[in-house]
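The first chain written gets the first letter, and so on, giving A, B and C; residue counts start at 1 in each chain.
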Amino acid sequence: METMSRDVAAMSGYGASSAAAGPTMHQWSPYVMNSGTVMAICGKDFAVIAGDTRMSVGYQIQSRNVGKLLKVTDKAVLGTGGHCQADTLNLQKLLRARMVQYEHQNGKTPKTSAVAQLVSQMLYGRRFFPLLTKNIVAGLDEDGVGCVYTFDVVGCLERVRVACDGSAEELIQPVLDNLLERQHQQDKPKPPPLHVDLSREDVVNIVKDAFTSAGERDITTGDHVDIWVIDASGVHQEKFDLKYD
Amino acid sequence: MFRNQYDTDCITWSPAGRIHQIEYAMEAVKQGSAAVGLRSKTHALVASIKKSSNELSSYQKKIFKIDEHMGIAIAGLVPDGRVLAKYMRSECLNYRFVYDGPLQVGRLVAQVADKSQLGTQRAGHRPYGVGLLVAGYDQTGPHIFQTCPSGNFWEYHAFAIGSRSQAARTYLERRFEAFEELPLDELVMHALLSLRETLAAGAELTTSNVALGYVTAGGTFTVLEDEAVQPYLDMIGQADAPGAPGAAAQMEE
Amino acid sequence: MFAQPADDPRKNTLRPMVTGTSAIGIKYKGGVMVATDTIACYGNWIRYKDVQRIHAVSKDTLIAMNGEMSDYQKVLQILEQKRLAEYCVDDGSTQTSAELHSYLTRVMYQKRCKFDPLWNMLLVGGFRNGEAYLGYTDLYGTHFEDNFLATGLGMYMALPLMRNQWTPEMSEADARALLQMALKICYYRDTRASNKVQIARVDASGVHIDEPITLQGEWNHARFVEGGAKSGDGGW
């Protein structure tokens, strides 16, 4: 398009492509993909959630240090990958406000399952103009057992043992299925119903390996990984370095 | 105060230039159990007496956390206070959503005052029957504000509202200049001692009829109720004991 | 505005017309510095040769723009309204750069959700209580902070230079030199960039927007003059 600012088009990765005759109507996309990956695994009395800190647009890294995790309560963390960061921010802000309202009204913090349900409702509330966010909620349930909830972009909710979402989902999820779920491995023990059967150290190491591997092939996953472990004593935060290229 | 022909609503002046409904609402504040507020250079604090309607009932909630940096104590009609607390909470949440920061205490108080003023100028409305003491810490430091049903508001070093609050104000007026430099626990003691002045003869401060809330720079507004107040009650108990350092200091004054 | 028949669907401006190119900014020890050039282009035509693309929006906050000029002027109006409202409150406090940045992001996000974006990428710079602030927001409502930022083509050309050379201990002079070098690179490669540039900073003494200066390009490199390996026509 003649008057389209080149740099704007290059930077957004959208919108430059419609010089066809006829009226121009609403062809602009309100979405921009800032991508990145989040994953979560839950154990008997802990949950681990991790997300890389790269924020990119197209082939450009906008920042190496924009986190994807939000501490929602002392027992629940929201992670958002494969996302439009503007939508993520909106979701996070709304969620934080709803948490404060819940506490004002009920004098306690909501359970992790309630947080997950709320996230689901908020996503579905934008059913016809979806928030471009791939979310995972990880934390402890009311019995102190680790829990992970996954969502699709419009709020379909499921409790799982392990989850991965975002740009490297296809790279990481099969590894998690193999190492932790083992659903079709006749000779291997199956995990318990609600969580995986590995120790906290093993799980954190799997997370580190998974992100290192994803960083090798996925250009939008890199820089650092925030690895947060949620247990009865709170949320413990760790940063793990990935490749800078 | 007696009934007269100019007091049926808020939009009728008395020939003396008064609006009696507003004054009656102010009277409701005076009948509520007392609340005090005071501040040092580092803290803002409110405390109040809670009432229970009879032996079997719970005590009414009189201190509300509004936001991380702000809380209120109320005197007067508690339901009206709850409505205003809800309004203030939602204003703070909105502000945090848009600006990602704390709302200036004085600006919110002015909004509450404007909201209160609406009720004094409209047919079919009544003024709020509640006074607020707002304690907050923001960009310009610690603050204590008072709001009235009339829509008036003031900022104070220390103040008391509610029934028999004159006694507490007298206590505070004589000591407030020293509050600037005090640490939190001494500030709490002054709050409790001034609150005690408002009690009827024979009544005592207990863990169930006192509530406190305080905030400091960057800190969370913290409410102390029930057992959490006990250490401070013990402290003022000791201060009363003959020969205790606190008691001596107070006798000098 | 072009008149539209009443029964047509509502059409918003979904592409920029008159645009400014890269804006870049960095934090340094004791402040934050941003820079832009001073032209606005209509397509490939330099329509306006002397525009200001950096403005103070409070006593300790400035913004620098990239993208559509008219939308930027709207942004300035919105922020000026904010500033006036606050001036009228007159309670001794002013909103922080972070608060203004957050507000600006909400405006941008709301507009994008109406499919009526303010087609800009904006840098927000500020300095208060010894802390420098540098944030980014754009037509989608993206929002983040960093130690150095660039928009538009500057993201491709200036940002890697800043990543290599930025340190938290940079002096004001170091920062200025780095920004000038980055602007020069942008001028060499970006056909819609100019060498007439403007540098502004916020430090403890407030916002300072310097008069525009002209950068001297060096065009006598052997490769420029002798031409590329293939065509020998001066291109490369």
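The rule is short, and it goes like this: a contact is a pair of C-beta atoms (placed from the backbone, for glycine too) under 8 Å apart; a residue touches a chain by one contact, two chains touch by 3 or more.
All values reported here derive from a predicted model rather than from experimental measurement.
Chemist: Taking each chain's centre as the mean of its C-alpha atoms, which one ends up farthest from the centre of chain C?
Modeler: Greatest centre separation from chain C goes to chain B.
Chemist: Any chance you could check whether B-C or A-C wins on number of contacting C-beta pairs?
Modeler: A-C
Chemist: Starting from the mean Cα coordinates of chain A and chain B, work out the distance between those two points in Å.
Modeler: 44
Chemist: Could you grab the centroid distance between chain B and chain C? Build each centroid from C-alpha atoms only and quote it in angstrom.
Modeler: Comparing mean C-alpha positions, chain C is 48 Å from chain B.
Chemist: Which integer distance in Å separates the CA centroid of chain A from that of chain C?
Modeler: Chain A and chain C have C-alpha centres separated by 31 Å.
Chemist: Please list all residues of chain B that touch 2 or more other chains.
Modeler: 97, 100
Chemist: Residues of chain C that contact two or more other chains, please.
Modeler: Within chain C, no residue contacts more than one other chain.
Chemist: In the complex formed with chain B, which residues of chain C make contact?
Modeler: It is residues 89, 91-93, 95-96, 98-99, 102-103, 106 of chain C that touch chain B.
Chemist: Under the touch definition given earlier, write down the residues of chain A that touch chain B in their complex.
Modeler: 93-94, 96-97, 100-101, 104
Chemist: Could you pull out which chain B residues touch chain C in their complex?
Modeler: So the residues of chain B touching chain C come out as 97-101, 104, 106-107, 110, 138-140.
Chemist: Can you list the residues on chain B that touch chain A in the complex?
Modeler: Residues 65, 89, 93, 96-97, 100 of chain B touch chain A in their complex.
Chemist: In their shared complex, at which residues does chain C touch chain A?
Modeler: It is residues 9, 11-12, 14-17, 19, 21-22, 41-43, 66-68, 105, 108-109, 112-113, 115, 117, 119, 121, 136, 139-144, 146, 151-156, 159, 190, 192 of chain C that touch chain A.
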